[in-house]
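Shared between the two complexes below is chain A, which has chain B as its partner in the first and chain C in the second.
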Partner chain A sequence: MMTMSNAYIDDFPAEAKVIRAAFYSSFFALALGGVFGVIQTLHRTGYYRFIDSADYYTVLTAHGVFLVISFTIFFLVGIFTWAVTTSLDRGVEDLRFTWGWYGLMAIGITLSGVAILAGFTDATDISASVLFTFYAPLQGHPMFYLGLVLFVVGTWLAGVDWFRSWWAWKGENPDERIPLPTFMVLTTMLMWYIATLGVAAAILLFLLPWSLGWIETVNPLLTRTLFWFFGHPVVYFWLMPAYMMWYVLLPKVSGGKLFSDPLARVVFVLFLILSVPTGIHHQYLDPGIAEGFKFIAMTNTMFLLLPSLLTAFTVVASMEHGARQRGGTGYFGWLKALPWRDPVFTGMALAGLMFAAAGFSGMVNAGMNINYLVHNTFWVVGHFHLTVGTAVALTFMAVTYWFLPQVTGKALWSRSVALGQVVLWFVGMTFMSNAMHRAGLLGVPRRTAEPQYDGFEFEAAVGSIGELQAQIALGGILLTLSLVLFFANVIGTGLNGRSDDLPANEYAGTLSGPEDAPLVLDNLKLWTAIAIVLVIFAYTFPLLSIVDRGGLFGPELNPFPVSIESVTLLAFAVEHLAVGALESLSLPGLLEVIR
Partner chain B sequence: MNIHTYEKVWLIAALVLIVGFIATVTYGSVGLGIAMIDDSEETVEPGELGEDERFADPRVEQVGENEYEAYVVAQTFMFSPDPIEVPAGSEVTFYVTSRDVIHSFSVAGTNINTMVIPGEVATMTVEFDEPGEYGVVCNEYCGSGHHNMEGQLHVVEEDEFDMTELSVEADDEVETGDEATIDVAVENRMLEELETTVTLEIDGETFGEDVTVAGGETETTTFTVDTADLGEGDHDWTVTVDDYEDSGTLTVVDELEEEDDDDE
Partner chain C sequence: MRISKAGLLVVLALLAPLLVELRTVLSWINVELSVLETAVVGAVLVAIVLVWAFLPENGEDEDTDETADRNVSNGD
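Let's look at the complex of A and B:
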């Protein structure tokens, strides 16, 4: 190839193609999720309603699943592939395997997505308006659960792919430290393997057989607890890639180096250990779970603040270092020396700022007693629009402006549009999430089409409900505009010609390098073992107690909506598919892993 | 490991913050007695709530001088009882369960908030100091009519609160000259004795009788009306006990029609 540049696509053209595919899948989900987002913002606030309120929940399910499952996870498998191949400086071991897991994820999410979207039409009896949490006895079509299973298995195989790269690399470099980006990928995936056991058990043992009519009932508290076993750590699955970007990319675009490699490793180890045994903090208000178990979950959750607080220090310190390299001086004067015109930098910095705010509302959520005031109110929606909706989403969009040229070989269409986009997101989310937080304090519930009731009205101590609705609607519109600018840039870049003047594919160096990190930090087996022990401590007794109280399959209850006819046909298909898949797909992969 | 001094300070401050959070919640729980929703209640069969002594008839019950228990059932898309009425200055223990899917029982703008899971009974004890009216919402998605699921909680002035129930059984039709009877049952579901007056008004004439109903008991007062005085025709009556009222119409006829008359 006749090129002067040193971009990712020049070194790893085949991998760049996989990453592109993952990114485009992610952006497609982002577009869908965004459309459903603005529909529900306008509906809920009453500014513009063109759907029936009963359909609101289908919109909400689609918004949730497409954004927090497809958008985030497709994006992160893309950057994880970049991180492993770049930091180990080697391509994937078997490209067919790589395309295999991508394909499985794509098939899975398509099945789930079709099941959800079919809820809009009466032409088929398929629907899955069960929201992202799919609490039984609400029941979705089996295709919804099956799709989720395939998607998650796809991510498991992706992890296998990255571990294979690391093992192969380790064989050739036995005495070297695991490069930081790869270390982050591996610890994140180990956490993910443990976390997804919960949702896999919920779906495979209970929800899927139940939706197919093979078992009559499920224990709602049990499947709900298994969901949250996965449901909390999944937020770290979104967040850890964003953290990775703050550690390996942000210092570089700030013009400096990462402050401390050892503490970055400590942070990821802490996430591996503490992410899973915390899920019960989503169930502080659940009857049937003893206070002591809730207390254990709370303690773990509070300690999970530690890696985030450490990250706050490292990120700011790295930015300051960068600014000083660029000539910045003074206690705060260095802030002016940062590259605020660079959308990659500004997007990540604003995302980090929002995450600090999210940290405060998160501390309120985590407090077992004060949580009663805000649980399941609009406050919570405000909170996670700052975390996954900004810390993660805005970071992902900002780094897209760096990654897109790397994996397409084309220059970014417009840096100024990109800058406008990230700022607009920040402004839109400021309006939307502060109003959501405030409305939550008044008791306005989340997850509802029309929070206006006949018998009473919510009363605002400051401002009014109307003002809060206006802020939410305005925020939603600004966020939608921001998305339009984002897609304009993605498409515009795609239409650009190949450029040979791209920045080199590099990530940040470190001030304090891996040589300062104790070797034990790289002992993944040890940390995994500790993580498993903590999960056993946190979950064995609650799960046993729930089964003991309510039975493995729970009381007699009708599924909602009541089971449907097409399910029987699908039951056959699933059986065949499952057997076929086991024989053809997983075994070779697994065998190689074992070897 | 080489850690920068500032970073060490930050690390220690972070740990102090975390331990501080845990300590305050522990103090709230142990010192102030803020209890969490827990597993203290036995499970129930959501399909058989009709036979459950607590939930067959969702209601508020008095269990002590200023202590009450409220048995609440959530189902798509309503709460019962609705409204829930309790006196100010009382301590109320709520028992909430679901007949179908997962709901919540959340009193808007307060920390009275619990998930309602079929098969499980959520319980929490709340003190109501001041009178007020609150909205109750379901804040867990429970199906296509979720947004219509609401209820009310009325905390009424202590001296305006009672748990009196009035039921009246009266003749519909009697022959002129016969006596018509109106049985008035006054149930006092509170613990202390109720002293009140049962009043019957018929055709502008008023009869009154003082009754004393012991706590948890029902007293029946029977009014006997001489129809000869009323004359033929329809006579409206009203029974009043405190704020409760029941009314109906007594028809006095010349001669009663045969029961098995096949005109109709």
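Let's look at the complex of A and C:
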């Protein structure tokens, strides 16, 4: 049969199917996560509370895990598969293997998801309302941890799949540079392999055996530190695919070329090297880690700004090039010549703009001293809804409008709705995140079902808490509407018939190509070795001193199953003890008085 | 029109961060706007943008006029 178009599905029908499955899994998670998002927004702002506040943490766990684990990672394995197959111009080596890792990820996240959602019913005693950070002593059902392990192993195998493609390609093209999209996938995966060692250790050595009852206790600071060993670089696991889209797709939809291939390679190498040895910047307030180690983490973090600034430069330069190709002129006048009508472009541009704002609040988080001001407040939530919640999520939604036709062979249902959707996300997030940041500065805590306290009022310097709550709720509702539009488009596109008039499957060319990039940039072994050395420097001593002080499996510690009964029980016990203590104190006192 | 419809939509969207941040910035110089006042300022800004966008072009007063009437297409 003759194919009329050059869409991805025409060249790689079998791979397109896998990518489609990954995308739909991702969108399903996004839908669930979005529902929980608006529930908790309305709950904690006090506008509409229909769930029990005790269930708030189950909702929040589901929101966090479904959005930052399933939505983001399913989507990125989809675009990574696209990137490798397209840029090497070859199908995957073994399709069963590809379906195998997808299946493992799907089974894993289903197990974790069921464990979380089971927390809503009393029909089983399964629950995992441990939030996406699963800090001990919060304990989830073993199924939750097991599911996460399978999911992560699935991503490891996905990486193996892409490396296999590259090795096979290299065998046939020994003297060629690694095509840029594949280079980005490989460096990201190397970073991911190093990063996930932390969470694998935390779960397999400690949390899973503990939740199975094989070991009595864990050292909470140790598992926390291992979590953040992974927890910081995971943000780059979300971000690097978004960057990849900004480098290889955005210049194309702007009508131009990528400004510099070498610079893009430098950026990804820097991420590989610097992502992991920074995790301790999430623990500035943790007692038990010496200030000096925190200072090292802070320094590494500040260096990490560099690749993001390089990205901002390259991306804007590429956009300007595109605009001038389209006839734009003037100092700022070229901005008008950009394809604002195209939701793929506008979505990514707005996502990038919000990421710049996120960079500023991120600097505040990263500074050891000012971090104390915002730590665990709503500010932090405002910050990461700009990063993962917009820079990543909005980029993914925007590129969906390009990818969906590529992998389904069907025309997009509505470009206008798509444009409205990305703009609405931007506006909604502006309201929500601005108010979250400001509320955080007033001390409003995150992860709190009812942030209201007897005999205490948060005081706003400008406006009032009530206004901030309203602004958050308004933002949350606009974001939810935006999601509705997104799903309308995904479903509408699915219902369309096959189109043979689709754009070709291409990515941006470069102004300065790989021939300008020093060969050493492609030496993945070297960069991996440097990354490992830096990790050893940053983590050996902190980990040793944590184990030294708190023990490998912790001091005596009783697991704290997350259920409301245990809280009342605990309250009762505390009360009992307190009354007892008071009685023993006051009895001699009373006798004294009587005498 | 001086700007494409999509461009206009984006410009209007950009008013949102401008407005919410403006309120904070103004408070530094002791100008505290209530929600209603902020909304009024917003409405005025929207009106100004709309008038500017729909005003017929008259040549020299805008330095970017050449690109404006090129009726930027949407890239397909």
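For this structure, a couple of remarks:
The working rule: the second predicted complex is superposed on the first by the 559 of 595 C-alpha atoms of A that agree within 3 Å, B and C clash if a C-alpha of one lies under 4 Å from a C-alpha of the other, contacts with A are read in each partner's own complex, and residues count from 1 in each chain.
As a working rule, contacts are C-beta pairs under 8 Å (C-beta built on N, C-alpha and C of every residue); 3 or more make two chains touch, one makes a residue touch a chain.
The structure displayed is predicted, hence computed values, not measured ones.
Contacts of A:F431 after superposition on the shared chain: chain C is touched, whereas chain B is not. Once the two complexes are overlaid on the shared chain, A:T110 sits clear of chain B and of chain C alike.
In the overlay built on the shared chain, the residue A:G367 is in contact with chain B alone; chain C does not reach it. Looking at the shared chain after the overlay, A:S545 reaches chain B, while chain C stays out of its contact range. Of the two partner chains placed by the overlay, only chain C lies in contact with A:G463; chain B stays clear of it.
In the overlay built on the shared chain, the residue A:N496 is in contact with neither chain B nor chain C. Chain B contributes residues 1-4, 6-7, 10-11, 14-15, 17-18, 21-22, 24-25, 28-29, 34-39, 41, 43-47, 76, 100-102, 104, 106-123, 133-135, 137-147, 150-152 to its touches with chain A in the complex. Those residues of chain A that touch chain C in the shared complex are 253, 255, 326-330, 332-334, 336-342, 345-346, 350, 357, 415, 419-420, 423, 426-427, 430-431, 434-435, 438, 461-463, 467, 470-471, 503.
Against chain B, the residues of chain A that register as touching in their complex are 53-54, 56-57, 60, 129, 131, 135, 137-138, 219-221, 224, 259-260, 262-263, 283-291, 294-295, 298-299, 302-303, 305-306, 309-310, 313-314, 317, 363, 366-370, 372-373, 375-377, 441-451, 453-459, 512, 516-518, 545, 549-550, 554-558, 560. Residue ranges on chain C touching chain A, taken from their complex, read 3-7, 9-10, 13, 16-17, 20-21, 23-24, 27, 32, 35, 63-64, 66-68, 70, 72-76.
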